[in-house]
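Down below are the structures I want you to see.
Each of the two complexes below includes subunit A, the first together with subunit B, the second together with subunit C.
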Partner chain A sequence: MNRFFVFVRKEFYHILRDRRTLLILFGIPLAQVLLFGFALTNEIKDARIAILDQDKSVYSKEIGNRLLSSGYFKLAGYLQSPKQLEAIFRKGQIKLALVFPPGFSDDWQHGKKTQIQILADASEQNTAIALNGYASAIIQDFAANATGGSRPMSIEIASRMVFNPNLKGAFVFVPGVMAMVLLLVSAMMTSITLAREKETGTMEVLFVSPLNQIQIILGKVIPYLVLSFINGCVILLLGVFVLGMPMAGNLILLLAETLLFIFLSLSIGIFISSITNSQVVAMFMSLMILLMPTIFLSGFIFPIESMPVFLQYFSNIIPAKYFINIVKGIMIKGIGLSYLIRETLILLGMAALFILLSLRNLKTRVS
Partner chain B sequence: MNRIAFLIEKEFKQIFRNTILLRIMIMMPIMQLILLSYAANFEVKNLKMAIIDQDRSTYSQRLISKFAHIHNFQLVAYPASYKMGEESLLKNQVDLVMVIPPHFESNLYRDQKSAVQLMVNAIDGSKAGIANSYASAIINDLNSEILVENYPLATQNNNTLEITNQYWYNPRLEYRTFMVPGILFELLILVGGLISALNIVREKEIGTQEQLNVTPIKKYQFVLGKLIPFVVIGMVQFTMGLLVAHFIFRIPQEGSLALLYAFAFIFLILSTGIGLLISNVSSTLQQAMFAAFFMLVLFILLSGLFSSTENMPKWAQYLNVINPLKYIIEAGRNIMLKGSNWYDLQSQFLALALMAVGINALAMLQYRKTS
Partner chain C sequence: MSTVIANNLTKKFGPFTATDSITFQVERGEIFGFLGANGAGKTTAIRMLCGLLRPSSGEAQVAGYDVYRQADKIKERIGYMSQKFSLYEDLSIRENIKFYGGIYGLSRPVIKEKTQHIIEELQLENVVDKLVGSLPLGWKQRLAFSVALVHDPEVVFLDEPTGGVDPLTRRQFWEMIYAAAARGTTIFITTHYMDEAEYCNRVSIMVDGKIQALDTPTGLKKSFGVDSMDGVFQILARGTSTKG
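Presenting the complex of A and B:
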């Protein structure tokens, strides 16, 4: 057993001496949490618009002013003719254009039907929908005020945003970033380290040492387990203290589940390295079959329910999906293990499967 | 000149012999493009809903049947109590719960107003906002119907202002049209940048770099010899990606194909240059990979692939000045969807060209024959 500890210590030295990698390992979660926390907002302000006012009346001015003072829009310029619309959109200078037809205010005052056109650049689809919604609401509000009167028989809607009343983005991305970073550090790093030993031939050297196979693999893996765990804790601390995530549930349970997920990621890493001898291939496999699907298919960025059915089924084999549910459940909803038993069992099952598969592969390879 | 040709031949042989890597380089991005384009969708659909009807009146029934007929909502449960509704939110069984309180209908006649409660699972805030506005629209719809039925005259004359909306360049508001051009270039930098980042450092690790160092190859020849093969492979990939975008996803190609290729070409030179630079300054594959990965993640997140760059805070926008992916995604979307031409996109092209020259010059300077 003593030998084993010496081996683990050696591996630790190995990692700790590579300062640059270490820096990046802790830099990635930090940068990502900060980016997601502060830079990637879908909040809209100061979107540039152009106004084509063919009416030039008090009303059209008033509507324009209301839009511009709402904080959502910023004037890029007044257009003189409809011909300019296309060019200014094509240059990407505006997101939205507001067109008042000639005689707009006259028609409106005399109770005739009249219309305002809102043109949106929908090559950025979600922004277009949101901007259109804001602009329409402001104009409707103006029209309602101008005509006056309250409505009879109104149904009020009292909406309650459960679990996240302030609609903070952190509630989605902190669990997501955590899953991503843990996978990255655990699975990618281990698969590459092990593949490296094989590629350079030092694996053979290790195998003739008095340590047995399992001990060698464990010794290689334990340092990454520790690193990942520290990383996970850093993200949790940032999430709670910098970005205002709640910690409604049991911390011990959360840490235990985190360890389970790290363990699973490590076993995936070992599995990948057991089927390839090349670092580059190991890296690409981790990147393409692990990381990208984790970002796109786990529900981290895009909602799973909106995907085509075959991808919804596919998302069931993405481990991060379950882990993200667990983290959200414990931190935000404050639920206990009894609610999360299904997710936990699935993660355990996956870990067992990968360990078994890689043990089989390793045995045949060494003999 | 001859020397460069030999170097290129050597690189190609190396690449073609490693069949696994070759397959990964060509197939993976295409598969990713297809999969991700299907997955990348911010549309909110298939919302699971529970309704607690404590009124059981004609109006409450009408409201429920309205929700039942809208595709966006799936009515999955009718909990008997408020408590059970909350429980189903906790268990993730539903996305929102609507509570129709007792006397909903009679209050509407007696007090002229009544209330409906919506409880939305708001962990994903933006999704919750959309779900809430969909549900509110349906309730408002019922409200106007009731109003028209009861006060047919009062509602006629005050709605003369009409707002018409037009969504240009993506009239059916398909999210894919927005995402595919972006993903196309994202994968290009992922593969071009990463593989080249691993290339030189691999030569260092297996010792063949030493062999190259003792030859009379000049710095610029060395860098060009590495650069050209990756650019060629990248162009092949890009072509395949474009075909997928066109034939599978029906993404329009409004602008000039030549201009698009010119952008792809300069972008590939740039991303390969970044890879080579990282490779030159790293000593192990692991280091190179993590450095490359770190940069790529920053580039991708800030590029506007997922969220509009204009809504980002000032510091992020300053960072974006040196983000090649931001320029290329802008250019790609504008060329493919809007048919923008050379005059519209000059500044993006210049920025990319400048960075491409700068980065490759730096990569050349960083390459040392002596250790």
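Presenting the complex of A and C:
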């Protein structure tokens, strides 16, 4: 029997028998993709709004109708006076209110500057920003159409925030979740499984056996490479077929880049296990130095551009940042390898660095 | 024929000499006790003999192979068991035997035959497909020993194999050691229990990286003028600063 095959088979036994491992491997990715894809999306539907129409003209009605037929907003009711605004916001019944000042349509028709006020419930900051953006875009669109482009647009919206109303949540989250899950599974699971062999003393016996170190590490890591790759494919399938991600670019290139990222994650896992002998330490190191920065600093949830300058520099050492760029580039923009060469080289370089560091650590421990 | 030969074997870690020019020979089928306080250099010596650690100087041969040039060959021909018993708790008894047989390159039929032999010898017929984690400590220990012998090694290194096990189980374990030695397997054992040192054919005692005494238990007791191995150990260990 082939020694290496025997070793890999044993590793599959470990994985398939440990319910926690299985859950982390397959449960968490599924839950995360669906959660981030559906629940945590920053695309908002049917937000409740109130309209205070002090103008009561054809134009103000038209603008109101356009908002309500956009699919983003649902009417909670018409208000009669500005005094009602505060109360209805306090009760949390609406997310947004639209206020037409008296004489709005007269001013507008005569080419004077007019204002429509948008009030948003900013206790949920991101929702407020998004809704404000949707409403602004719809109103400006109306203004541009109504004037036929012949007159300069003269409705001023009391907001300067800009948001792309076509931006779908899934486009942002699927690459991020993929990076996070692959990192979690590959790096954390391999570092834990290697630390476990050390903790139970079986690593000693493996070192005394005819298997060499490279075989031992490869044997431990290959099952996770296979499972992570399956995981990555499942996330991609969910992203495209359930969450409606586009697949504009080359699938082979995307899969190759995914393998590269998995390889990098595994090398980080090996590195972590080369500096600790304890499963608990390995897990916490994975969580603290990998997962948290990946979530917060990779641009997955918070845009890198809006971070303090110090953190922007720091984000450059987060592997997931480059992988997210690659996935977005291939899936959404459909760009090829020539545009992604920088990101690819950085990931390759990082993988090489971690492999070298791990080998050095192993060597100093043995001799 | 000597299975283990060490000649002025030395290992230095920087300025610290862990193993200082030790010399001994272990004969085929001999039970050789390798004693010493913690930190005396036993583990370093064993790691060099197992091909895990490159000696700084001196010579050593295990199973006829040189530790510098033929470490791979040595690894094929030795068995190893530590006080952690080193079995996979989430694998069944059968799977553990299959795994360790497999990584030593045994063929399927040989592994099958070995498995049969081990479960008969240890009377594990009813639990062979149970996970090792569910077995009592004493069973695990004997199974770990059998697994360390699965590829018929010429010498088996036992690093404190009886730690944390009750006296009755320890006695059963020593019966297995005697049986293996009688079949021609060389036993190289470290222990903290001085009564176990009495069971060995010959005993070496290391203090601060050096072998301070090497003889049969009877010979050692006679030359130190005491009536137990514990007495010998006390005399040797008291003269040094190394404490367990």
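Simple rule for what comes next: the second predicted complex is superposed on the first by the 235 of 367 C-alpha atoms of A that agree within 3 Å, B and C clash if a C-alpha of one lies under 4 Å from a C-alpha of the other, contacts with A are read in each partner's own complex, and residues count from 1 in each chain.
By our rule, a contact is a pair of C-beta atoms (placed from the backbone, for glycine too) under 8 Å apart; a residue touches a chain by one contact, two chains touch by 3 or more.
This one's a predicted model, so the numbers in the text were calculated from it and none came from an experiment.
Trainee: Which holds for A:210: it touches subunit B only (first), subunit C only (second), both, or neither?
Mentor: Only subunit C; A:210 stays clear of subunit B.
Trainee: Can A:247 be said to touch subunit B (first), subunit C (second), both, or neither?
Mentor: In the superposed model, A:247 contacts neither subunit B nor subunit C.
Trainee: Taking the superposition as given, does A:35 touch the first partner, subunit B, the second, subunit C, both, or neither?
Mentor: After superposing on A, A:35 lies in contact with subunit B but is clear of subunit C.
Trainee: With the two complexes superposed on chain A, say which partner A:202 touches: subunit B (first), subunit C (second), both, or neither.
Mentor: Second partner only, subunit C.
Trainee: Would you check which partner chain A:350 touches, where first means subunit B only, second means subunit C only, and both and neither mean what they say?
Mentor: A:350 sits against neither subunit B nor subunit C.
Trainee: Is it subunit B or subunit C that touches the larger share of residues in subunit A?
Mentor: Touching more of subunit A: B.
Trainee: If we overlay the two complexes on their shared chain A, which of subunit B and subunit C does A:222 touch? Say first, second, both or neither.
Mentor: After superposition on chain A, A:222 lies in contact with neither partner.
Trainee: Pick one for A:230: touches subunit B only (first), subunit C only (second), both, or neither.
Mentor: After superposition on chain A, A:230 lies in contact with neither partner.
Trainee: Quick one: classify A:292 as touching subunit B (first), subunit C (second), both or neither.
Mentor: In the superposition, A:292 touches subunit B alone.
Trainee: Looking at A:260, would you say it contacts subunit B, subunit C, both, or neither? Reply first, second, both or neither.
Mentor: After superposing on A, A:260 lies clear of both subunit B and subunit C.
Trainee: For subunit A, which residues lie in the overlap of the subunit B contacts and the subunit C contacts?
Mentor: 18, 200
Trainee: Using the touch definition from the top, list the residues of subunit A that touch subunit C in their complex.
Mentor: Touching subunit C: residues 1, 3, 5-7, 10, 13-14, 17-18, 200-202, 204-212, 366-367 of subunit A.
Trainee: Can you tell me which positions in subunit B touch subunit A when the two form their complex?
Mentor: 18, 20-21, 24, 28, 32, 35-36, 38-48, 86, 89-92, 108-109, 112-129, 132-133, 135-136, 139-140, 142-143, 146-147, 150-151, 154, 157-158, 160-171, 173-175, 177-178, 190, 194-195, 198, 202, 205, 282, 284-287, 289-291, 293-294, 297-298, 301-302, 306-308, 310-313, 315-316, 330, 333-334, 337-341, 344
Trainee: Report the residues of subunit C in contact with subunit A in the complex, numbered from low to high.
Mentor: 50-54, 72, 75-76, 78, 80-91, 95, 98-100, 102-108, 111, 157
Trainee: Which part of subunit A faces subunit B closely enough to touch in the complex?
Mentor: 18, 20-21, 24-25, 27-28, 31-32, 35-36, 38-48, 89-92, 108, 111-129, 132-133, 136, 139-140, 143, 147, 149, 151-165, 167-169, 171-172, 184, 188-189, 192-193, 196, 200, 276, 278-281, 283-285, 287-288, 292-293, 296-297, 301-303, 305-308, 311, 325, 328-329, 332-333, 335, 339
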